[in-house]
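Next up: some structures, all given as structure tokens.
Same chain, two partners: chain A is paired with chain B first, then with chain C.
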Partner chain A sequence: MESASDSRLQAGSASLGQGTREPGPLARQERLAYAILLPVLGTIFVVVTYPLLFAVDQSLRATRGGDFVGLRNYTTALENPLLYEALAATGIYAGIVLPAEILGGLGLALLVHRTVRSARIRMAVYVLATLPIVIPPVAVGVIARLIYAPGYGVLNHLLMLAGLVQAEIPWLSRRETAMLAVASVDVWQWTPFVYLVCFAGLQTVPRESIDAAQVDGATRWTLFSRIELPYLRPLLLLVLFWRLADVLRVFDHIFILTGGGPGATTQLLSVYLYRVAFKFFDTGEAAALAVLVMLAMSLLYATATRLLPLERD
Partner chain B sequence: MKRWVGWSVLTVVAVLALVALLPSWVPVSAQGAKPAKLVIAAVAGNESLGLKAVAPTYERESGIKLDIVEMPYPTLYEKLVTTFQAGAATYDLIMLDDPWMPKFGTEEWLTPLDSTYGFKRDPDIPGVIYDVGTWPPPRGPVPPSEKSKPKHLLGITVVGNVEMFMYRKDLSPAPKSWDEVLANAKKLNKPGSMAGYVVRGAATNPIVADFLPILWSFGGDVFDASWNVVIDSPASLRAVKFLVNDLKSVAPSGAENIDAADRSRLMAIGQAYQSTVWPGEVTGIVENPKVSKTIGKVGYIPMPAGPSGKGYGMMGNWLLAIPKASKNGRAGADFIVWVTSPKVQKAYAEAGGIPSRTSILTDTAMNDKNPYFAALAKSLDAVPNWRPRTDQWNAVETILGTNLNAALAGLATPEDATKKAATEIRALMKKAGY
Partner chain C sequence: MPRRRPAQLWHLVAVPVLGAVGLVYAFPLYWLLVTALKGEGELYRVTPSLYPLEPTLDAFSSVLVTRGFLGLLENSILVCGATVVIALTIGFAVAYPITRLKVSRRLRLGVLNWALSLRFLPPVAVVVPYFAIVRGLGLYDHPLALILIYTVFNLPFAIWMLKGFLAEIPSEIEEAAFVDGASRWMAFCRVLLPLAAPGILASGVIIFAFAWSEFLFALILTASPRAQTFPVGVQGLVTQFQIIWNDMAAAGALAIAVPLGLMVLARRYVLAGLTFGVIRGQ
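Coming up: the complex of A and B.
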């Protein structure tokens, strides 16, 4: 027996789903849907839209006095050579950490997926992989300082103990080693994340496809490139964007390890932005930089999602 | 249904209103009424040791609870600036480092202690202590925007920090000049086991704090009396070369990454001969029996002289001030009077606090317990330099400290580093209206 309320629900669903509703007052279900959405939309407005609009407004105003200055903050930000030094440092950092993390995580996932059959060992690897991710970045920075610091750094101590070096290597004081040191911390903390995502992706590959390919004499590489990789591709793209966005946000461990030094060698975009905002207190230029970074990321994401195949073949 | 919509709209409006009103929505109590508690924003570390030690006595005597909110050095500055920009009355009292005074004074965020609460100079406290708490500055160049403003006392020193010099008195006599510092360092430097001189060379604030006394002693400066940038002058360049060539040659490896804690640690474990030092490092590490192996072996003196014939210590006083937005100004002022009184200052110093009263710094018994007190008294008497009194100092320090660090790391020559720093500082100051 169909109740009156069921009939109303069906009518409402039809009007929501078909898009052929006659013009007129909103259906009751439609109004209910909007009413339920309203608090969520309001919260999003408060925590996302309003700060964004505020940042855009601030980027168009003078830091002192708040007068409208048009695009002056943007031109000042773009004319500053320190911005390009920071962008170059960010590029180098991304060039080290992204391939290392993605290839390392993927390799580890394939290794565990193909060789480890024991559920206990898999669980142990899972727990170990989760650990670095849940440690606060500040703590990671402090631990890394104990490893690389001049004088009492564990790494130098071990290298000297093993007879591999005769004198301390100033890891955080040389251009090349300082960048490698800060990048190594990122790789240590986030490769396990890539591993977890890839490992989860590999679990979705149908066993029959693998078995059939093996019967046909497929090599390990063919198995990976023809069967497993198509399943992993959307996940790898997701990971790539996630990590790229993180590279633009990375701050804590760099601040603790090198403070952006030596010179401005490890002054990544985020550290530079922090300095403009909280050392120079040039809120106009800092807001302009933040808006530019956001636009660049949105553009990059939009282009990549159009050009790269996110769906499985 | 209508109720649903009504409640939803109400929720959104309430959330929006809460966000909009948050900065001004604070408990109100009359300026003169006795509050239940005073909230003090303080720096985390040895600088707040004394304050925390005397807090229970104050609470007992006054019946007002002290809520000391400690924050690391860089966080404290950011927190204070953003709190004041928002006009929030979060803190009744704040601890501020003296280089922050130009920013806070220019923005008029602090309550004048003289005209509002009748503070007067005490002859037992060196005049320079009152000068550093006064805005606009009573001597030296005044920022263009501040020239017409009346001078007011905005803060009183609670940590009488002045940068001094420490050396191993069991290994050599006290150096009188930077030339002697270098000569002694060369004599005693043994790479790996004893550093002749520890350069505090980490980027930005640390290296600038280590360098400014050397710069001034060599006759150089960051600005001249008319705010012209002179960090690339011949005298300044000579000081930079002394730091990054001469002193670095007798410094431990990795000097570009050494900060105050690393320097004090090296001194405390007997692997360093000499360096500059802040009083907080002395009480916290070098003379701390729990961690130091060199107690009784380290001597403290005012900064050695340079080619200019004079040595310049650097002020790093921590002041107590009352934000204009504070709702408990009167009680805050009473607390400042109480904590800087002779009786409390003695207890404060005994608990590890760094006093500024001459009578305490020259007290024989106190000197036996605190071997750096005499040097601190002499440094204050000699009228130490303060960092340039401009609200742009944080930015200037960041630029200078980044370029000096690059020179120390060998990424730039001293000439290129000073030239680059000068160019960037000139652009900054021009933009700021200097």
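Coming up: the complex of A and C.
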């Protein structure tokens, strides 16, 4: 019995190593895999794809009456100047948030990696950095409201206490400060995520490469730029795409904090789309926009999978 | 010797920088809690006090009982709990074949990449057709609509995390069970599930937290306390004409407390899971 199971184990690990050598059991297992996967994935595929087709259908029909109107909804959507304001706002937002989060997260990861030696403190920082990820963006919006709001906002109070300003700054009703306020919420919530990825990435840099470089007299900077950065590059690219996808869907905290205002200053693409669909109830134009956004996202995804080394597992 | 200087510089910078970062994270949370603990009288002082002069739980009871947020809490727990169970079940049905059965590399990577592509579905775009479909099905203002959608949007995480955890369990353990005469299903239930339990717990906590945080779908697909979730209630306190600051803060604090509490309770397991297998794959 004992030896029989041993030989089976060996046979098992041997076939694992050789891969496709044994067609019999492999085919059987692959059949079982398909038998489990096909109904599940098929259902998900239908649940995901049907709404997309539904949106395409909506986008080709008039909002009132539902008559087929061809591409008219698309031309209306693309001729609306508010769309370009929303795109510009999204661009500005991304331009503030992505560099701030990536540089901040990378900088902090390097700082902790270089200076903190105690495993317990490293672990504690790691645990703390995971927490902002699970805080509901709505709640972060509430906190931001408590900080920036006119009258009750604590930031003005603190600034006046420190003698830095004389009068209240209307953070949320000025164009520039409103965008900064909204962006600051994003940076607050998501820099720790970038930190986590970078910090974990730094742990994977082989000790030998660093030792060898140090023996050769590498400075801290060359150590970073020649050894650590190349190791981190795929991770940073992944984070960049991940965060870019998030920026295109960001909604909650803006809705809570400014509602898109003042004017349309902080009306990012998703907030704009929400207003077209659920404030103006222009279903046709909203569906056209939705289809365009989905196309843009597919493009982003296609680029991401091209550039990213996701093929390993 | 001159090479030592930059190292000291890093140390010199580290303490103030990490201290400042700590403050930037601690103060907003502190301020939320302080505001939630203030009584009504303290809200209208000309200069807000930096700590509650007479701490009280009035705001919490006002939100939960008077405003009826207990009902929303129940809705949220129901929706999130159901999402966790369904997403993990489907997640297993996808992750098991691609990790425990000998399948071609193409199939495995195809499934994983397809799951990842779901993550790129923009919610604000799909909510437009969903709204019409959900109304057509008679599921508008019903928790079932949210459960269904949250399941779809959390599947990528479920699949990727379970795949990471399952891949770490050596296949020899399962094979030993087969030798002892166990069927594949028995080996799955008796051997694999117990071994994967920490991973299941971690995935469950994270999916629960994400579902708990979701706001856009809940805002659009629900209309009454029958199906509204907690974040929708919180939002209702913010956009009113006059904001009752302590109530709003109390609701916000509760919205944070639930996922944070879960994370802290399950931190040992969650830590391994939060990297989504991305870093492990490196």
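FYI, the second predicted complex is superposed on the first by the 264 of 313 C-alpha atoms of A that agree within 3 Å, B and C clash if a C-alpha of one lies under 4 Å from a C-alpha of the other, contacts with A are read in each partner's own complex, and residues count from 1 in each chain.
The rule is simple: a contact is a pair of C-beta atoms (placed from the backbone, for glycine too) under 8 Å apart; a residue touches a chain by one contact, two chains touch by 3 or more.
All figures in this text were calculated on a predicted structure; none of them were measured in a lab.
In the superposition on chain A, contact of A:Val215 is made with neither chain B nor chain C. Contacts of A:Phe278 after superposition on the shared chain: both chain B and chain C are touched. By the touch criterion defined above, A:Arg249 lies against chain C but remains apart from chain B after alignment on the C-alpha atoms of chain A. Judged by the touch definition given at the top, the superposed model places A:Leu32 against both chain B and chain C. In the superposed model, A:Gly261 lies in contact with chain B only, and not with chain C. Here chain B and chain C are compared by how many residues of chain A each touches, and C touches more. In the superposed pair of complexes, A:Leu172 makes contact with chain B only, with no contact to chain C. Once chain A of one complex is fitted onto chain A of the other, the partner contacts of A:Leu307 are absent, as it touches neither chain B nor chain C. When both complexes are overlaid on chain A, the residue A:Leu164 reaches neither chain B nor chain C. For the contact definition in use here, the residues of chain A common to its chain B contact set and its chain C contact set are 32, 34, 36, 41, 50, 149, 152, 259, 278. The touching residues of chain A, when paired with chain C in their complex, are 4-5, 8-9, 12-13, 15-16, 25-26, 29-30, 32-34, 36-37, 40-41, 44, 47-48, 50-52, 54-55, 58, 108, 111-112, 114-116, 126-128, 130-139, 141-147, 149, 152, 154, 157, 188, 196-197, 200-201, 204, 217, 219-220, 234-235, 238, 245, 248-249, 251-252, 255-256, 259, 269-270, 273-274, 277-278, 283, 286-287, 289-291, 293-294, 297-298, 300-301, 304-305, 310-313. On the side of chain C, the complex with chain A involves touching residues 3, 6-7, 10-11, 13-14, 17-18, 21, 24-25, 28-29, 31-32, 35, 43, 47-48, 50, 90, 93-94, 96-98, 101-104, 107-109, 111-114, 116-133, 148, 152, 155, 163, 167, 171-172, 175-176, 179-180, 184, 206, 209-210, 212-213, 215-216, 220, 231, 234-235, 238-239, 243, 245, 248-249, 251-253, 255-256, 259-260, 262-263, 267, 270-271, 274-275, 278-279, 281-282. The touching residues of chain B, when paired with chain A in their complex, are 1, 4-5, 8-9, 11-12, 15-16, 19, 74, 77-78, 81, 103, 191-192, 202-204, 252-258, 262, 265-266, 271, 394-395, 397-398, 402-403, 405-406, 408-409, 411-412, 424, 428, 431.
Within the complex formed with chain B, the chain A residues making contact are 28, 31-32, 34-36, 38-39, 41-43, 45-46, 50, 76, 82, 149-152, 167-168, 170-175, 258-265, 267, 275, 278-282.
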